[in-house]
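What follows is a group of structures, each given as structure tokens.
Below, subunit A partners subunit B and then partners subunit C, in two separate complexes.
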Partner chain A sequence: MRNGKRIPKGLVLSLPAILTVFSVSTFPLLFSFVMSFYDMNVVARRTTFVGLGNYVTIFSDPEFLRSFGLTAYYAAFTLGAALMLGLGYALLLNERFLGRRIVMTLTIVPWSIPMVVTGAMWRWILHPEYGALDGLLNQLGLISGHINYFPVGGLGCLTTVATVQVWRDTPLACILFLAALQAVPKELFDASEVDGANTFQRFRLITLPWLRPAFLVVVILLTVNAFIQYDLIYMLTQGGPGFDTTIMSWQIYTVSFRKFQYTVGMAFAWILAAITFVLSYVYVRSLYGKLE
Partner chain B sequence: MYSEYVTENVYTENYNPLTEAAFISGSPPDVCYMQDFNRQRWLSAGWIQTIEDLPAVQEHKNMMIPTIRPMYESAKGEMLGMPYYIAVQSLHYNSKIFEELGLTVPKTWDDVYTLCKEAKGKTATWGVLSSPFAPNWEKDFEHFGEFVFGMAYTIADDDPFFAIDGETVTPTMDSRAECEYILNWCRDMFKDGLVPPNALTLDYAGELAQFRGGTSLFFFWHHYYLKTSNNPEASKMAPYGKFVPSLNKGGTMNLGSMYVMGAHVKGALRDRAANFVEYFGGKSKKNGEYNVEKRWMAEEALLSPYPELLADPDVVNSFNQWTDWNVLKAIFERSRARQVIREPWFTDWSVYFTDQAHLAVKGEIPVKKALSLSAEKAKEIIAKK
Partner chain C sequence: MYTLGRSTENWNETGMKRGLMKKIAVYVFGVILSLWVFAPFLWLVIMSFSHYVDILTFPPHWIPTRPIIDNYLDIFFPYRFGTSYVGQSVAVAAKILPAIRNSLLVATSVTMFNIVVGGVAGYAYSRLSFKWKWNFLLFMLLSRLVPAIALVIPYFLMFRILGLMDNLLGLFFAYNAFAMPLSVWIMYSYFDTIPRDLDESALIDGCTRLQAFYKVMIPVSTPGLLATGIFTFLLSWNEFLMPLIISKSIASATITLIIPDFMGQFTAAQAWPTVAASGVLACIPPLLIVAFFQKYLVSGLLAGAVKG
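Moving on to the complex of A and B:
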């Protein structure tokens, strides 16, 4: 360099990646935040600054509270069920048994299927007359006729969608827990056995604390997955019947791409981002705080 | 097959939002297809242009069935695009089950309800008729609206939802008995288990599967899927799917898509784009044939506004493989397009209406309230315009 200063080679080499991330991720994010303070009417070709107007519109809409409540239920259900099942599977797969590797491979299959494909597949599995699940249950003699997996009113329909998400999320939780379980030093268990600890005590006092970092990752990932869930709603219910499955992410889609109120949708997306950020912060504080 | 260069976007899912995104982001397609309910919105937004000035368009305009032509026109009567396909909203029935159960083809929607009630739980060739009517009531874009408006056009000579006088649009759904009748009919069908229990979430493919599987008496949607439902290779109950020739007053609704040009298309590119839309949506001056339009009809059983094609022996023979062409042609000739979908605010209102209609059908709010709320919403949106 002419003035004697050298641009670090690392920065030069990273520049293409930095520019790419900025242009496809950072810039659209910042742009959407700025636009959330505007009213954009594409038909009239008019963009007007409205300050917090879009946010006021969202918070004053009675549908906001309903969708927030449904989202909270959806997140709590998927998180709770996937955590328990994932931990159970991980504990099982941590033991040695014949065919363990095959079971482990099969366990991860649901997670490896794209969400839209998962939705399309379950749409047919749960079809009211030609569904594979009813077919199986009928053949096993457990039911006669059909079960309506998408009942109207209450939380039944949303629970069905959440169950499909649990089916897909459980392998992720399982793999993360399993990785953590396999890192637990065997000496700890040997020592505790010598000290006379029983199985439950060993699980509570050694296994669970050791799993805490994995627990944190799983909780954050699954919560975010639940809050941003869109594909399954799109494929299974389209937010219906009525508003029974209109969680916040679906409302963002409806506002943005069905009502074409793009900037209101952007404001809504930022509210959702803020909620997931706050939740993640709470998780990190409560779980990592204890680690430190 | 086609040698000139123009760009067209092809999306298989979320077509409308993705195409709008392409226009807004400044990377518009030169030509694209457009569903009829988007026409005024896309035109007003300055994304597409009228093609009224193209000599070939004038020729084709005069060749179209006059009652069908408005589908391709803006609110001012200018041609916006060339035909892609048209389908008619129609009631299909399974003639084999009718024969087995000794049923008579319905003449009114009340008859349809009674026949479904009578058939529910009975066993026919393909199984038990647990939900005899396969509707398309999910919240996917415009499907419920198409059902409701399609039904409305069979029981009223005008549009009972909106009165249109020149540029003035007045919502009338809260004062017209036909609208109340339609939502009450849907609610009763749902409450009495004559449609699948998850009819409000089951998508069209699921409903179609039920009809094709032979466990539904009726299927009401536009005839786009005629070939699928009546093709022995794809349908269990083929060739027994037939059209109910007419219901109540006998009219019905048609709907479809057209090929349009992006507003940015000018000069030599516009000449090429004009050739493209003509080749795809009309009789090409290159070879004097209805190239793509005829294939849509002969191979996919879709309709076209050109009488010459409706009388083409290849087309007629092809249609007769799937249905009685004369019945479908008569339904088509009595059909009309919705005028209200020319309003740029229509999609916004339609989303709101579907929500309210869902709540009424599931019994969460009274039908009258759903209609009055929808009328109020329409007034509010129109006032904002």
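Moving on to the complex of A and C:
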């Protein structure tokens, strides 16, 4: 009788975590959703309901469409490059060789250090006058003079930032691939060798199918990483030159904290959040399908 | 017999040749990839021990002509030339140690809080069944992917009213937004790998749920707790956007906030080595984690990403 009325123990135990996440994440998110239908005049301290006004403003603004396109390019570039490098790296680390442990430890370094340090570091490496990369390329005799890594106009500048993102994300892809590779049963390889399969066939017919779930995880994680990227843009280009590297997150930041149009920023942020939610939904459905 | 023998011999020879070629390829690619991954960081470390004269030449000196530790001294003893010499560089360098203290304080408290609260919740999701359990787990999973930029604008508006602006407590709350869902998820996946018989036999032996939790589960779940703690600490230490919006002064500025500030303050490139030194200092906790707890870091990453 008493038991029937009691609050389930599991709920009690998980309540602190649920309340924490609700108050620091869900509630602010709902608050910003409500506010995205208002216009907030900071000077007159007045808030007026504008319905879908902010969303209309955003979607009729060519700046928004451009930032969306740039974000998509940024995500596609990082994804393609980090997937290939990460897979290559994982295949390499799956081999036995001297110093493998050290290489593996070094691999994680780019992913583990603060991204502002990564940004500062690469700003020096790619510096137009004293850049270390240019210096190295000159000494190797590959170029003479300087390469402009931050060209004005076009996608050149964004590609540079995306390359730094690849440097940072490759370890992530590598670790996830490596874990999947190490789960491939050795017997499968032995059996295929007996059956006369060559290296390429084994890779295509055993390794790749076995890596499929890991592929999906890496694709989603890297895409979300690219969509919410902010730190590197801040450190390397601040959205410039012009608007060349103004991806969505930077656009949201400038609209909110430089133009003080907080409610437009919140509407914009909700669009970004919606995109990551759709991505995570795909993620959940394909991986955690059993969580019905 | 003879032909068979020879063919086997040939096969072995080509096999060995192939093995050798493969080995060489592995080492060559290993060196190239390690360079691509590690050389940029190495350059940061070299810069931090260089005089700016070695940096501001082209091509730069890869090995400092006169290695110095002055860049670090600038940070640890900013007023070593007396307080009368207070240039802008000294003023910013003096902020680095307090900022590191702030970062440590916030990251440590978020970590502690997450280990306890996330651990208990993870245990509940793994061992007990209750209404809406799967919905709550799904809620945690979705919360993990809320972009920080979508949270900082409401924080900015709400924290002013709550008095959490420029306050370490404000950062503590904000960091939980990304840390807590991950901690719960990592702990849940970890507890799920521990055989149920273990705590069930403790229950049969007369333990209460609570006793079974801290007498049986806690001791065997150290790797999971370590993974949670390490992951939370790393994410909190590296966070930049939230302090950028919440922190206004050195009362709550984190090291990730001071480094861009440091870079922006100087149009003069002479301060680069000191900024590099502060960058190296900011990398020390992550590097220690990678060096000593790599296993737990990776297991946390996998639990947060793939394990269901």
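The definition used in the following text is that the second predicted complex is superposed on the first by the 272 of 292 C-alpha atoms of A that agree within 3 Å, B and C clash if a C-alpha of one lies under 4 Å from a C-alpha of the other, contacts with A are read in each partner's own complex, and residues count from 1 in each chain.
The rule is short, and it goes like this: a residue touches a chain if its C-beta (ideal position, glycine included) is under 8 Å from a C-beta of that chain, and two chains touch if they have at least 3 such contacts.
Owing to the predicted nature of the structure, the values given are computational and were not obtained by experimental measurement.
Given the alignment on subunit A, is it a clash or a fit between subunit B and subunit C?
In the superposition, subunit B runs into subunit C.
Could you figure out whether subunit B or subunit C reaches more residues of subunit A?
Answer, by number of touched residues of subunit A: C.
Tell me the contact category for A:N148 with respect to subunit B and subunit C: first, second, both or neither.
The answer is first: A:N148 touches subunit B but not subunit C.
Identify the partner contact of A:C157: answer first if only subunit B is touched, second if only subunit C is, both if each is, neither if none is.
First partner only, subunit B.
Figure out whether A:T237 sits in contact with subunit B (first) or subunit C (second), or with both, or with neither.
The answer is first: A:T237 touches subunit B but not subunit C.
In the superposed arrangement, does A:E129 touch subunit B (first), subunit C (second), both or neither?
So A:E129 meets both subunit B and subunit C here.
State whether A:F177 touches subunit B only (first), subunit C only (second), both chains, or neither.
So A:F177 meets neither subunit B nor subunit C here.
A:Y38 contacts which: subunit B (first), subunit C (second), both, neither?
neither
What is the contact status of A:F77 with respect to subunit B (first) and subunit C (second): first, second, both, or neither?
neither
May I ask you to decide whether A:F257 touches subunit B, subunit C, both, or neither, giving the answer as first, second, both or neither?
In the superposed model, A:F257 contacts both subunit B and subunit C.
Under the contact rule defined above, give the subunit A residues that sit at the interface with subunit B and also at the interface with subunit C.
Comparing the two interfaces on subunit A, one with subunit B and one with subunit C, the shared residues are 123-124, 129-130, 256-257.
Quick check on the complex: what are the subunit B residues that touch subunit A?
It is residues 14, 16-17, 20, 24, 41, 44-46, 130-131, 138-141, 196-198, 200-203, 206, 209-210, 213, 215, 344, 347-348, 351, 355, 358-359, 361-362, 364 of subunit B that touch subunit A.
Quick one: in the complex, what on subunit C touches subunit A?
Touching subunit A: residues 22-23, 26-27, 29-30, 33-34, 36-38, 40-41, 43-44, 47, 55-60, 117-118, 120-121, 123-125, 127-134, 136-151, 153-158, 173-174, 176-177, 180-181, 183-184, 209, 234, 237-238, 240-241, 244-245, 255-256, 259-260, 263, 269, 272, 275-276, 279, 282-283, 286-287, 289-291, 294, 297-298, 301-302, 305-306, 308 of subunit C.
Quick one: in the complex, what on subunit A touches subunit B?
42-45, 123-124, 127-130, 145-146, 148-153, 157, 236-243, 245, 254, 256-260
Would you pull the subunit A residues touching subunit C in the complex into a rising list?
8-11, 13-14, 16-18, 20-21, 23-26, 28-29, 31-32, 35, 85, 88-89, 92, 95, 97, 99, 103-110, 112-117, 119-125, 129-130, 132, 134-136, 138-139, 167, 170-172, 175-176, 179-180, 213-214, 217, 221, 224, 227-228, 230-231, 234-235, 249, 252-253, 256-257, 262, 265-266, 269-270, 272-273, 276-277, 279-280, 284, 287-288, 290-292
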